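In the two complexes that follow, chain A is the common piece, with chain B as its partner first and chain C second.
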Partner chain A sequence: MNFQVRPILTALRQHKAGTLLIALQIALTLAIVCNALFIIHQRLGNLSASSGVDEANVFVITNMWADMGQSTSQVDAQVRADLIALRQLPAVRDATPASGYPLRGGGWDNFVTMTPEQVKPTTDAAVYTGDEHFIDTLGLNLVAGRNFRPDEVMVMGTQEAVTPPTVIVSKVLADRLFPDGDALGKSFYAMGATPTTIVGIVDPLHRQGVDSWSNGYAGQALIWPLRADDSRGVFYIVRARPGQLADAMREAPKALYAQNRLRIIDSKDGIQDYATIRHKVYDRDRGMAILMGIISVVLLAITAAGIVGLTSFWVGQRRKQIGVRRALGARQRDILAYFLTENFLISVSGTVLGIVLGFAFNLWTVTRFAMDRMSLAYVGAGVLVLVLLGQAATLAPALRASRVSPVEATRSV
Partner chain B sequence: MLKMTHLSKVYRTEVVETYALRDFNIDVKEGEFVAVTGPSGSGKTTFLTIAGLLETFTGGEYHLDGVEVSNLNDNARSKIRNEKIGFIFQAFNLIPDLNVFDNIEVPLRYRGMKSAERKQRIMDSLERVGLASRAKHYPAELSGGQQQRVAIARALAGSPRLLLADEPTGNLDTQMARGVMELLEEIHRDGATIVMVTHDPELAARAQRNVHIIDGQVVDLAEEPRFHAVKAGNRE
Partner chain C sequence: MFAYYLQLGLRSLRRNPALTALMVMAIGFGVAASMITYSVFRAVSGNPIPGKSAQLFTPQVDGWGPQQNLKGEPAEALAYIDAMALMRAHEAKRQTLLYPVQLSVMPGGNRDLPLNANGYAVTADFFTMFEVPFRFGSGWSAQDDDARASAVVISGELNRKLFGGANSVGRTFNLGGHDYHVVGVTSHWNPRPRFYDLFSTSGFADEPDIYMVFNRALDLQMRSGGRNSCRGSITYTSWQGYLQSNCVWITPWVELDSAAEVAAYRRFLTNYAADQQRAGRFGWAANVRLRDVMQWLEYEHVVPPESRISLAVALGFFLICLVNTIGLLLAKFMRRAGEIGVRRALGATRREIYTQYLVEAATVGLAGGVLGLLLTAAGVSGVGILFQPEIARLARLDLSLVGLTFVVAIIATVLAAFYPAWRAAHVQPAWQLKSS
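For the complex of A and B:
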């Protein structure tokens, strides 16, 4: 087969408008598609990020108090009574009070400093609260140190700020604060005047939020031994015994209402298993991935249609010269190669421009939306997709061209 | 060189069958210069397209250079067109997107010739048709006579043994036509076999032999060119 790059390029100069149009279309499509691929891949990556929770068996009860005027000690007594009732259920393995839970979609975050005077925070961490059952209830993996002792658990009333002297941190946070790996026994400050000392390390533990802006502190979390006795309400995190999730979810609210009727557990959202929690929190990511996918497919289809259209037009326009080329000795496959090479050259010039545009667009999202830098692999994948698409779109009209009879050369116009 | 026996060519459309050639017999010897004349629609172009392997035929036999061509596949036919045959068309048929140099290069590239040899042959053949200074011009920038000379240069560049010309001077004025004819005679003297369809009795008279076609058949094969040319001229 003859690859005649130079004469094809010179001939293309006589068809500037069509060439430019398709090259630009390819460039724009590439710029958008590689960014879309990148976003899709990133969002899908989020979707499968581990929370650290034993998601198959854990569910969360959102418990609102009917009487919001109770004192902290009244609320605390009620919470402790509720926990006893929950833990007594045969289908329940363990339960903890909480002010938030992983993948909740947002919640309490604290700046972390190494000294109380430090103005610029060292980093940021999600804050979880619970009693000595928190780790077992969530099924967290304690990789160093120890769990809280019952006597370390403190009470925190509505709108109070309490800094317990002990803390359990996620391994990511421990390594961030103490890169030498000697975090255990060390102290730090988390928006309080008193230090808090690391007694245990869990790995992993996801944050409450999944927003991309918090990607910089992904996996950074701390757990304080606190019963947060907010007068408005409390979360109960409950871990069912293996295979008894449905039973536990059915029995838990009954047990709570039996304990005390003055509460509201929403019949729809009041009790959620982790499948539901995960599905909800990643709704936007999933939606974004699907949207990007649709945009990519539509753009690729439009580009392919444009290439088919233009090539068909050119084949029609050049029937005579195809006949002449055949008369002068071109084989069918030489004609096929001509159009495929022509498309390849246009595609390549389009993709070169597209690579520049794609990185420029990515850079803009990096500065504007704090998104991540796109790796070269996505651009490479995009280039491959577009070049192959171009060749595929050219194939049908090019095959038609290759079947133009050499006798076409003698037909007078 | 070129021998057709009992050859026929039928064009079938939904409503009619047209015998463009019927029981067509011709034998052109190596090195001959044959002029083909005949009324419009008599089958001259059809004969030339079959002779040049641009088209297949319906019945009979055609031996080109001793080879029966009806058994050849498309690739083999392309190769013969490329290496043995040079075409000159009435409408010049230069590729408008390419300049003179690139136009002449087309058949040489299909032959897979190296760049240096291509360049040598292109410049030689342009020299020969007197257009060496126009290598970078595009067809639209040339007169009809110049375009036809470029087309001749393109046909010559591959050193074909058989040159087929379909009314090569049909679109040219007398002055230009004479120039083209002189060029063909020169090429013939250098050893090429030439078959030329023409309406012009004066040009036909300058060929070694005249073949007259009427209704798809060869009539009056005579060895006396002058006598025949006059007859052909009268008919037209």
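For the complex of A and C:
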């Protein structure tokens, strides 16, 4: 096949406006599609982040106390009684009190320092509290060290800040603080006057929040052996026996109300399984991915349709010229190649502008919203998609052009 | 003449249904995507208190110092010591302190279970400063603040749950183990974004149920139901210890009517911080801010980045649809070069050709607007899958959005048609007549 670029360029000069419009459309489409692809890939990546929790069997009860004048010891007695009641349910495997849970959407986090005098923090960790049942209840994977002993569990009242001497940390936090991998038995400070010593390491354990400010601290979490007996309320995290989640979720509030009715478990979101929790916390990410997906698909369809429309018009305009070329010996596939090459040239010049626009848009999101830089792969994928799309869209009109009979040359004038 | 052009336009559109459908769809989708994302953006970026947003200010004082503050910016709320000092100085015409409280209404009457009641601990000026509308009664007085009274203002919604919607002013009920008397019932009041509490909320929470006396909440040692942020080593073991800590949890607001008052208050804040430095409490130079409502919304990034990005992408999408339409209109108009040549030869002026093709484009825009409106309506009702529920709820298809959809669709299409129509008007009649 013989690619005649020179005559194509000459012909294009006769259709400046149309050429420019297709190139511009391809440029803008590329700019948006590669950014949309990048955003979709990033957001879907967030969506599939592992929490470390046995999500199929775990649910969370948000329990508020009605009488806020209770002393810490009164609250503690009630929490202990509640936990016994929950653990005795046939459908329940284990339960723990907590002040927060992974993927809650935000919550307690502390700065971490290596010495008590250090002012500028080393890093930041999400703080979880629970008793010796915390690890089993969440189904966390203990990769080193040991679980808390019952006698290590301390009580923390509403107006107290307590730093337990022992802590279990996520592997990400352990590696961040002690890159040599010898974190077990080492100590650090987490906004307390006294150190806390690592007795166990779990992997993975997601933070409570998914906000972008905490991206730099992703996966960094610590668990303290504390019953947080806050007079306002407590979370009960419960793990059902396999396949008995629905039963456990139905029985748990009944068991709690049987203990004491002066509590509030919201009928709407007082009891949530992890599917709901995960769905809620990633609302933004999922919505963004869906929106970008819809826009990309519609955009590509419209651009393709636009190319079909304009190319058909050109073919219609040039029927006579095509007839002359065919009469002078051009084969059908020469005509086909002509239109495909023409589109290829326009597409490529459009993508050059599109790459610039795409990076400009990405730069805006980086400076304005602290989003990540887009890697070249997305632009490459976008270019490939658009060039192929352009060729595919040209194919039908070009085939029609190639079937123009040489007789056309002889018609009129 | 206009009616005739319209008729010609409609006839021409029917001649190539595929091409027409393509243009209408491009305009429709482009307009709809822009309008759906705009409806969300409009809802989250509005001014929540238009009459007074320039008179209400939130003072910030850096109690953490350059090594621990927010990259040079002071904390977004005040510690107890600073909040009380600002309140006591009383340097503004009106001022309030506030923090979120979580309470429960104890069982009583025919309710055997307690009821959630979330709200704010505030001072007397809160209601006048923020122009809270009342159905019954009013806010409390400064004397009630000083007397640490058990007065509460409740929302219309809580009033309906507790008192069947009747005038409950003077009635008493039990909150978390203590009796409170109702002094006022608000009409529905939930400014969005919730400018007055961006420290603990993202700005789009449900309407609060209850407002209680700030000093009363302190007496009951009520911890904030919202955020609390501390620096350094936290070692408190009692309420008093907590109050003395550097933890920030109280949002202050002041009302300042003139530029002179604002300047004076700024001076006061700087002096206050400098005094703290002299007293040895702050080991750094005064670092204070005084932002009004709109500046505060901007600083707190109330508009989610998702909303801005999707609006930008949707506008880009619309632009592409318009470029597409320009190309298709060009193809469509130029295909009729022969017809134009005949009309020109028969005496039609360029201007007439020009008008005729713009009218034809406007009919495409109108059809695109109708499709866009249908898609927008569907999109706005389904926007819940794209944005968080509390934000998606705010997106509404109201009359102004309907109007805007049509106006944008028609104007954009006519703009897109300028070049193709110009080309059509400049067709050389002689050449066209000769070649056909």
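The definition used in the following text is that the second predicted complex is superposed on the first by the 408 of 413 C-alpha atoms of A that agree within 3 Å, B and C clash if a C-alpha of one lies under 4 Å from a C-alpha of the other, contacts with A are read in each partner's own complex, and residues count from 1 in each chain.
Quick note on the criterion: a residue touches a chain if its C-beta (ideal position, glycine included) is under 8 Å from a C-beta of that chain, and two chains touch if they have at least 3 such contacts.
Quantities reported herein were computed from a predicted structural model and do not represent experimental measurements.
Touch criterion met: A:Gln332 reaches chain B, while chain C stays clear of it. Contacts of A:Ala98 after superposition on the shared chain: neither chain B nor chain C is touched.
Of the two partner chains placed by superposition, only chain C is touched by A:Ile39; chain B is not. Looking at the shared chain after the overlay, A:Ala221 reaches neither chain B nor chain C. More residues of chain A lie in touch with C than with the remaining chain of the pair chain B and chain C. Once the two complexes are laid over each other on the shared chain, residue contacts for A:Leu30 go to neither chain B nor chain C.
Shared-chain residue A:Leu173: touches no atom of chain B or chain C. Of the two partner chains placed by superposition, A:Ile346 touches none, neither chain B nor chain C. Touched by chain B in one complex and by chain C in the other are residues 412-413 of chain A.
Residues 19, 22, 25-26, 29, 33, 37, 67-68, 102-104, 106-107, 112-116, 176-178, 220-223, 225, 230-239, 241-242, 304-306, 308-310, 312-314, 316-317, 319-321, 323-324, 326-328, 330-332, 334-335, 385-389, 419, 423, 435-436 of chain C touch chain A in their complex. On the side of chain A, the complex with chain B involves touching residues 2, 4, 7, 10-11, 14-15, 320-321, 324-332, 334, 405-407, 409-410, 412-413.
Interface residues of chain A facing chain C in the complex, by the touch rule stated above, are 17-18, 21-22, 24-25, 28-29, 31-32, 35-36, 39, 64-69, 111, 116, 119-120, 158-161, 189, 191-193, 212, 230, 232-233, 261-264, 266, 283-284, 286-288, 290-292, 295, 298-299, 302-303, 305-306, 309-310, 312-313, 316-317, 361, 364-365, 368-369, 371, 412-413. Residues 45, 48-49, 52-55, 74-75, 78-79, 81-83, 87, 89-91, 93, 95-99, 102, 105-107, 109-112, 154, 158, 166 of chain B are the ones touching chain A in the complex.
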